[in-house]
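The next part holds the structures, each set out as structure tokens.
The following pair of complexes shares a single chain, chain A, combined with chain B in the former and chain C in the latter.
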Partner chain A sequence: MLNQDNFWQHNKAVLLFALVALTMPLWFPIMGGYSGLDTKIMIFCIFVVGFDILLGFTGYLSFGHAAFFGISAYVTGIMLKSFSDNIIPAILVAVLAATVVAVIIGLLTLKRTGIYFSILTLAFAEMFDSMAMSMLQKWTGGENGLTGMPTPMLFNLKMQGDTVFYFVTFMAIFLFYMAKRIERSPVGLMMKAIKCNQTRLEFTGINARKYKLLAFVISAVYAAIAGALMVVYEPFVGHEFLGWHQSGEVVIMSVIGGVGTLVGPMLGAGFMLYFENVLSVDLGEQWLLVLGAIFMAVVVFMPGGFMEGIARLKKRYFTTVDGE
Partner chain B sequence: MDMTLNAFTLSILTGLQLGSIYVLIALGLTLIFGTLGVVNFAHGALYLIAIYLAVSINNALGFGLALIIVPPVLFIIGVLLERGLIQRFYDRPHTDQILVTFGLAIVLQEFLKWVFGANNIPFTIPAWGNGIIFMHEYLPFLEGFVVYPKWRMILVVVAIVTVSAVFALLHLTRFGLVIRAGMRDAEMLQFLGVNINRRFMVVFGLGAMIAGIAGVFGGPVTQVSPEVGMQLLVPSFLIVVIGGMGSLGGAVLAGILIGMAQSFTAPYIYINTIIIYLITVIILLVRPRGLLGAKGVFE
Partner chain C sequence: MAILDIHQVSLSFGGLKALQNVNLKIEKGTTHALIGPNGAGKSTLLNVLTGMLKPDDGSVMFDGKPLLNVNSFDINQLGIAKVFQTPAVFPEMTVLQNVTIPVFAARDGSFNLNMFEGRAKQRPLIEFAEQQICELGLEKHMYSLAGSLSRGDKRRLEMAICLANKPRLLLLDEPTAGMARHETEKTIELLNSMQDGITKVIVEHDMNVVFSLAEKISVLAQGQIIAEGTPDEIKGHPKVIEAYLGEAQV
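Then we have the complex of A and B:
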């Protein structure tokens, strides 16, 4: 099946995503989305697609991915401020820094089973949060956040408005394509086998830890790219980038959309940011309460998220009679 | 480290007091985890309910009523949550349990924020608990004049009483025997014809009730604002991990250890903010099952 080079079959989802994403400036304002929110949605699409490689494929629920997002954002900010206003070296150094941290945290936390892992990743992220607020205050700006960055440049191109949107969107399309490639690859199969039955996988002589660490680091790289792009999008880094709220948001997006489907979490990211920024106008302060309730309802009644909902609807309305 | 005996004693007391809150939260967490196998991300939110209920009743009707009403109400809330929500998740993957309790935590926190506002509500300490204790009158080795807030000492006593009561319940009663057997092997217990589900319900209620007791006495110390729940949950989780998942004695030991560590590193702000994580990492590397964790349990 892998040899069958059916380009359309393999890349249908990526092409569809590209079409939807690139035309976003045309249709998104009609829905009430303001310019800039589409960029933010694309950034979080990157974050959650990476997160799904960990949660969706291996089944490991991290509550600390804000660490990689935040560390990368801080490093990007510091690089833009004190090294060069060109975003390329800034993003590269930031992603590298976050990757190193991810390898260390991954080695420490992946020794443990699912529950332990969730608690420990949460703890590590909180540790970086409190470090940013105390000992690293000189570089991070503490409570006030990191400000005073120059306008980010892509060589001679000013990163503002539409330029940022298309830059981010092309990154998102490319990274979604890569995630799809990983899903189809033997490595992706190993990752999914960990979720299915890790013990059995290990009995076949395969080193499951290697694949867990790989999934963890890949997802951290995606988070780091998202974090760096966040600074390019808006030259500010606050310590809430590192907080559990941020990690929790990504978990909510993934679960609402549909864990393990790659597309689902992106739907979830779009839904949540749209909900937070557009629909919240009517809900006021209580938007998070409503969102929390939606999230719980999804976990209880529709564990597969929106994607399961879509599949159910399809089954109900589009199955032929002889299928019964 | 140059430290006088007075300063040392005060650090011990502060460590005990910090540890008391942690122990009370972690005790419920580890009890629920040990018996039901559920990691309750909403435990901080249960504490939040407790402090808001306690502060409302206390400021309107007095502390005595808060003490009588809040823990039983929390017990009932715990039972209702277990029946209505948590029990649907026993057969689902652990990650689903974490997700649903996390969602519950958000809903409860945001609801309380909506009702009571985001700002701290002052918790009036009853007259008999107000003021300071002259420590030098009780501890003759102290030099000169040493005082400590009375309420914080009361909190330590409450924690000791609560922990003792829980241990007595688990080790001296038939109910406790069944629960401990359930912690070891729930399946076997069911084979023997014991209705473990009803006990699960009671245990969840008990865990919530301990959070209720913690809220009544801890509210004045931890403040009463919506962030408190999550702020306490993370260290409490780590205490459960350090102590050994599901080990009650471990939770008590680790709670005091973390309280002491935070108290004694207080002058060194950089170490103080990360000491709890450092200890967790060291424990994780040296003794992955935690201080008193049973061999093979979530190792």
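Then we have the complex of A and C:
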């Protein structure tokens, strides 16, 4: 416990992530990754790190986080189009809007646990999806999606190419650092206790519902930031941003990477997007089948995801006396 | 002075009257046992005290404050802790983390937004938790996962969790159920050695445990209190014998 108090121990993961992320433009193209995909991976890193605060810490599996991602993306798009091409007010308003929605959905869905919670969140997300396709068509563009945004600007800086990548990457590093801070805080401990034994927690004087809502809203804020950055990255919003497919993808990324580890889901996001966009070309039409098989293999043989695999390798080859 | 005052509490599940006009006063600082045959309403009464069940009628006062329609966590914050029949701990957390939770709960109340509080500020609290763990003799398991402990050690850990936020009233629901004899003896020892001033209400089937711990005993049968007194008074009480063994043959 004591040796964890120093700076290096606390921020090892964050520094390592920063190193890997910031050097990505150097090594990613060698692996066949096209420029721009690295930005998308960073955006999804933000999404899944936030998602892990909910799923990994409290154990609540949401199938509706695309709602916050999509709402934020739409609001960002509309703001850029009709208010100002500066991304700062657009992102702020978008995240605020998604947060308000998250508080309402959270209050309603967190009354239930397990599968009922998952279904409720899915239902809410689908509601927003169908709203975007019908009554809100005028603003969302319906089937065609929201287009016609000007080039997003960060004050005087054009958000294109590498600028977007570094902006997104710095956000991802900062938000990962924040998530690590939350994990170490008393709040993080309470959230993890919810997953372990909620009854005991309540009988230990803790209002579990408030902590659950907090985790839900924090994860929604992360999803919303990711959604807004998606529009900065590519000035287009389609209704699939809100769809269950999007929510499901985030769940798969988290599970494949290792739920509850914060780092794992980011590995999962990187792997999934790399697979979908690069390896799928080599695999042809069967790529989804292969992805499904990989997912099943991970769940069956490594329920802790990639992180469990890494831990096993570490144990086999680098076992130290204190085990840490 | 009574720390807990249960007044005319009634509760029925459908047609079953689980509790009927129960009146019970628990004196401050005493160990009070609740005994009775299966289905007498002992656990139901404990669940009423912890906010799990709402009675149809009656009132419960703890240290002058009403307990009915209060959330479980608020009841705990008032100073009532409960030890469950099956030890309730946080299995995927270390023993230290398990005990740190109530220490935070004592400092921060039922909710606090301190989500960026660093380890340095938590240090004195973690040290206090470590001390609590040592006091209950679990120091060699400090960093073990709670789920990996033996049943007896889990019980000890649960006690550590309950005692860490300094309760004034400790409710114990069959703390020795399913334990081997040496574990039962250890638990009795633990309960007897507990710091003074904590009032204890214990539901127990094992009469050895009851007679070695309790200063006062209340007997419940069919949702009613049929007898109350010191262990010696209860031992020979005709109503108690009747409740346990059925009507005496004449």
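Keep this in mind: the second predicted complex is superposed on the first by the 314 of 324 C-alpha atoms of A that agree within 3 Å, B and C clash if a C-alpha of one lies under 4 Å from a C-alpha of the other, contacts with A are read in each partner's own complex, and residues count from 1 in each chain.
Here is the rule we use: a contact is a pair of C-beta atoms (placed from the backbone, for glycine too) under 8 Å apart; a residue touches a chain by one contact, two chains touch by 3 or more.
This is a predicted model, so every value here is computed, not measured.
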Can A:115 be said to touch chain B (first), chain C (second), both, or neither?
first
Considering only touches as defined above, state whether A:127 meets chain B (first), chain C (second), both or neither.
first
Look at A:244 in the shared chain and tell me whether it touches chain B only, chain C only, both, or neither; answer first, second, both or neither.
first
A:221 in the overlay: touching chain B, chain C, both, or neither? Say first, second, both or neither.
neither
Is the number of chain A residues in contact higher for chain B or for chain C?
B
Considering only the touch criterion stated at the top, classify A:296 as touching first (chain B), second (chain C), both, or neither.
first
Under the stated touch criterion, which partner chain does A:202 make contact with: chain B (first), chain C (second), both, or neither?
second
On chain A, the footprints of chain B and chain C overlap at residues none
Chain A residues within the chain B interface of the complex
55, 59, 61, 63, 108, 111-116, 118-120, 122-124, 126-127, 130-131, 133-135, 244, 248, 251-252, 255, 285-286, 288-289, 291-293, 295-296, 299-300, 303
Using the touch rule from the top, collect the residues of chain C that touch chain A in their complex.
50, 71-74, 76-77, 81-82, 84, 88-93, 96-97, 100-102, 104-106, 108-120, 122-123, 126, 143, 161, 165
Of all residues in chain A, those that touch chain C in their complex:
1, 4-5, 10, 178, 181-182, 184-190, 192-193, 195-197, 199-208, 210-211, 214
Which bits of chain B are touching chain A when the two form their complex?
39, 85, 88, 92-96, 98-100, 102-104, 106-107, 110-111, 113-114, 230, 234, 237-238, 240-241, 245, 269-270, 273-274, 277, 280-281, 284-285, 288, 298
